[in-house]
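Here chain A shows up in two complexes: once beside chain B, once beside chain C.
== the complex of A and B ==
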């Protein structure tokens, strides 16, 4: 077979560009990984994680299982494009091998095989099977393209209220991608009209073309349509490494690196590139964002943040304007850790060397008590004295000797500073509090603030101290029988605080505590998709009005459960939710303390 | 004299015509809700850092608004950004945003 034809040139150039750019990028990023990350890869290279990563590549990069969970039609659209195209390439390769044996065939030979094999004999059964399977796959991909067109016009049909606003580079690549498969259909059909080598689809379209045009026109048209097809491929491949379609390849190394335990940090590092460029800008993160749906802010969502950062046009305004509630990451089909990336962008913008800013912390110790169980109220609990009093009653009822770290005012846990990117300054606070905990040799640290809890667990190095949220602690007391409560006839709904639920993975303990006192009603969006209260400490950009809008929207969803009251487990959420609803709002500790069974 | 923990400020004359108000105006442009401040002092009363040091958020941002920037950056750097002030502010001012903005406009980072 003769594989010489000029129309393949744009395709070949595209493939070369794609190969060179992608190789350059990956080698550079991998080379620049910190030594710790490289060692980590070395340790996990030959482990079960590698096999798990292979499986994840199949289920996510090809089948897009996570998008199916968002919306089946949307999932089908992405799967038909990814898996369908993959099968086209793979089956096309097998077909070429079946025809040619294992002789070396240039890449264009595989891709344009219909053209090159037009003079071959196509009478055998297996050849007909190949032709029709390839047509079926092409139809599969074309159905996805049709859905993609529909989505641009009417995204609601595919379960998305909003889709991404794309930059022009993405639009070029998108247009080329949309042209590839119709162009392929036309090219193969034209060849089929002349040579009668088509399957059920290309053969049928070919016969329509043959009916409509003279043989001379068809022959003249053939090379044109193959040029068009090749150009569509070439343009797409050239645009790919610079556009959103870089995700097609980058998702694979990302899955492997993630399985090997590489994570983004509170400071930027080379691994971030894999996360940034694995974002497909599908826009699934836009709908869950409450800044978008309640406060009308349309430029800061995960997809726009990642895009701006990738093209070095990120502004502090975009990086800072986020509640970091994590709802976007829960939905992200690629599993990009958007919050960590945003955090280290904020580090770039805001971290200032701490110098001696917090020298005044030295020697500050307002703690009381002797117990080995420490209680850290946190700034927000100190502003909610009812929670503090409830905890006092609970400790007393359980006969717990408590060391009160900050009942009379203390030092912040450091998470607010960390969340604004001032990582070095936050370290000062962490060091101070750690020294305090060690000085009093506590064995358990209870906090009623999920913000503090997250930083204690993630950033503090408290080896011998068990850190518990008060929901876990109370649940334990109830289970051990150290605390007895009298159930009431009330029905409460529970609001998951972002930092406690998505942040620390604590969903069941607070629910168990609520159930011990009252009936529990779940709002429509709950657990890992629970709404944010809007007052998140991570957002320093939105004004009070926007916070209120988000709180009211949350209030409506909580009221829709028909509950008598709202229970939450975060002092900040409690204050925020109260502004958004007419229902009474309680902290978990309050409903327990109010319903303690008095001992006789 | 009994020390009640507060004193009386000595009388000062401020000439608003000679003070450089450019930075103050930029801060107002970016965070206009700061103009709603009525200097009630709730922010300072609840302040975590203020309980430990002489850090006084109301004083610092009032000085900045008047164009008196000296020491303001160093003072503002004492803030721990815990956010209690934002919760108690009766005018709903984004106080944490104010802290970051003042540091950004007055510091050189």
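== the complex of A and C ==
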């Protein structure tokens, strides 16, 4: 077979550009990984994680299982494009080998095989099977392209209220991508009209063409349409590494690196590039965002943040205006850790190492009491004295000896500063509190604030101290029989605080505690998709009015359960939810303390 | 001609008296079982310490003398074009004056101050009640030595959705501080404020005398939180913004000067009539000047704190103005 034809040139150039750019990017990013990350990769390279990563690449990069779970139509669209195209390439390769045996064939030979093989004999049964399978795959991909067109025009049909607004480079790549498969259909059909080598699809379209045109026109057209097809591929490949389609390849190394334990940190690092460029800008993160749906803020969602950061046009405004509730990441089909990236962007904007600022921390110790169990109220609990009082009664009822770390005012846990990007300042607080906890040799640290809990678990190195949220602690006391409560006839709904639920994965313990005193009613969006209260300390840019709108919308969803009251497990949520509902709002500790069975 | 008056506080009573004087037939519909509204809970009124009774009693007497109809323990459910619907049935009338007033800010919403949690944190309304009862004491029955007043609780505070100034609490804080000085001559009294707004006649003079003659300390800075300490005392944390330093102080009694919030019935008026509310949820008068007691509907009028925080005197003025407007409207029928 002769693989020399000029129309393949745009395709070949595109492939070269793609290969060079992607290789340059990946080598650079991997080379710049911190040594710790490199060692981590070395340790895990030959482990089960690698096999898990291979499997994840199949289920996610090709089959898009996560999107299927959220939205089957959208899942089909992505799968038909990714998996369909992959099968076209794979089957095309096998087909070429079947025809030619194991002889070296240039890449263009595989891709434009229909053209190069037009003069060959196509009478064998297996040849017909290949032709028809290839046509079926092409139809599969085309159905995805049709859905993609529909989605652009009318996104609601695919279950998305909003889709992404794209940058210029994306539009070029998108247009080229949309042309590739229709062009391929036309090219193969034209060849089939002349040479009769088509399957059920290209053969049928070919016969239609043959009926409509003279043989001379068909020959002229054939030379044009293969050029168009090749150009579409070439343009797409050239635009790809600079557009959102970089995600097609980047998702693969991301999956492997993630399986090997590499994470984004509170400071930017090279791994972040893999996350940024693995974002396909599908826009699935837009709909869950409450800033968008309740407050009409449309420029800050995960997809826009990642896009702005990737193209170096990120503003502090976009980085800061986010509740970091994590609802977007729950839905992200690529599993991009948007919050960590946002945090380290904030670090870039706001971190100002000025260590003398916190000199006054030295020696601050207002703790009181003695006990192996330490209680850290946190600033928001100190501003919600009912919770503090309830905890006091619970400790007393359980006969617990408690060391009170901060009831007379202590040093902040550091998370609020960390969330604004002031990582160095936050470290000062963490160092101080760690020393304090160690000095009093506590074995358990209880906090009623999920914000504190998250930073204790993630950033503190507390070694032998077990850190518990009060929901876990109370649940344990109830289970051990150290605490007894009298059930009431009330029906409560439970609001999952972001930092506790999505943040620390604690969903069941608070529910068990609520159920011990009342009937539990679940709102429609709950657990890992629970709504944010709107007053998150992670957002320093949002105006109060927008916070209120979010709280009211949450209030409505909680009221819709028909509950007599709302129970939550975060002092900040408690304050925020109260702004959005007329129902009474309690902390978990309050409903327990108010219904303690008095001992006789 | 018959006019319904919703609410039997000072504004409602005065509107009724004025309308009666103009030859009309007012009926007051009051949801409580007695008339007088919030004024009944007050001891003395600023700026000249007039006993609240001395204002209310003569008005109530006139009401009785003139045999004005009062429907007590009756709640208005809806305002309609030809009267109002109440919990006891329909009351027909040619015009309605809404005098449904305000609500006191619920201090438990500022949980950080510990109202309802710590014994010796009380509101300005509680203090008036204590004075009416003739005994001001701590929870354990003893006398307070150090007393702090906190201004703007539930006023000018976005976090509790009260952006507006409640207007009367500043001067109430000064008045109550002076009264406390009289009850407890040897006590220490502190007022924590962010601005002191002495807008009325005699108010500024009262503020000056509070400082110069009564030795009351004014500290510019809001209290951020209160915490209990041994012996039922309350420790407050604040920032003295004039000195630029944080401060901690242990007091025997913390008095929260609670603000005025829009009456909870306002949303009902809006729903049934299409009348509108301002951003702070008070009813919006037709305009701020010539139409300040008129509503967007020709036969519905406003008087008193239903449209914004006001003093007793201002509410009485509005009652008279509303009566004049109603009379003029009835002429046109």
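As a convention for this text, the second predicted complex is superposed on the first by the 600 of 600 C-alpha atoms of A that agree within 3 Å, B and C clash if a C-alpha of one lies under 4 Å from a C-alpha of the other, contacts with A are read in each partner's own complex, and residues count from 1 in each chain.
Here, a residue touches a chain if its C-beta (ideal position, glycine included) is under 8 Å from a C-beta of that chain, and two chains touch if they have at least 3 such contacts.
Predicted, not measured: the structure shown is a model, and the values here were computed from it.
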Joint occupancy of chain A by chain B and chain C, clash or fit: clash
First (chain B), second (chain C), both or neither touched by A:563: neither
Chain B versus chain C as contact partner of A:361, first or second or both or neither: first
Which superposed partner A:540 touches (first chain B, second chain C, both, neither): first
Which superposed partner A:352 touches (first chain B, second chain C, both, neither): first
Which superposed partner A:176 touches (first chain B, second chain C, both, neither): neither
Which of chain B and chain C A:389 touches, first, second, both or neither: second
Greater chain A contact set [chain C / chain B]: B
Touching partner for A:187 - first (chain B), second (chain C), both, neither: neither
Which of chain B and chain C A:409 touches, first, second, both or neither: both
Touching partner for A:578 - first (chain B), second (chain C), both, neither: second
Chain A residues contacted in one complex by chain B, in the other by chain C: 382-383, 409, 544, 575
Residues on chain B engaged by chain A in the complex (per definition of touch): 33, 46, 48-49, 51-53, 77-78, 80-84, 87-88, 92-94, 96-97, 100, 103-104, 107, 109
Sites on chain A touched by chain C in the complex: 382-386, 389, 407-409, 544, 548, 575, 578-579
Chain C to chain A touching residues, read off their complex: 109, 111-112, 114, 117-118, 158-161, 225-228, 237
Contact set on chain A toward chain B in their complex: 320, 350, 352, 357-358, 360-361, 364, 379-380, 382-383, 409-412, 414, 416-417, 420, 422, 429, 535, 537, 540-545, 572, 575
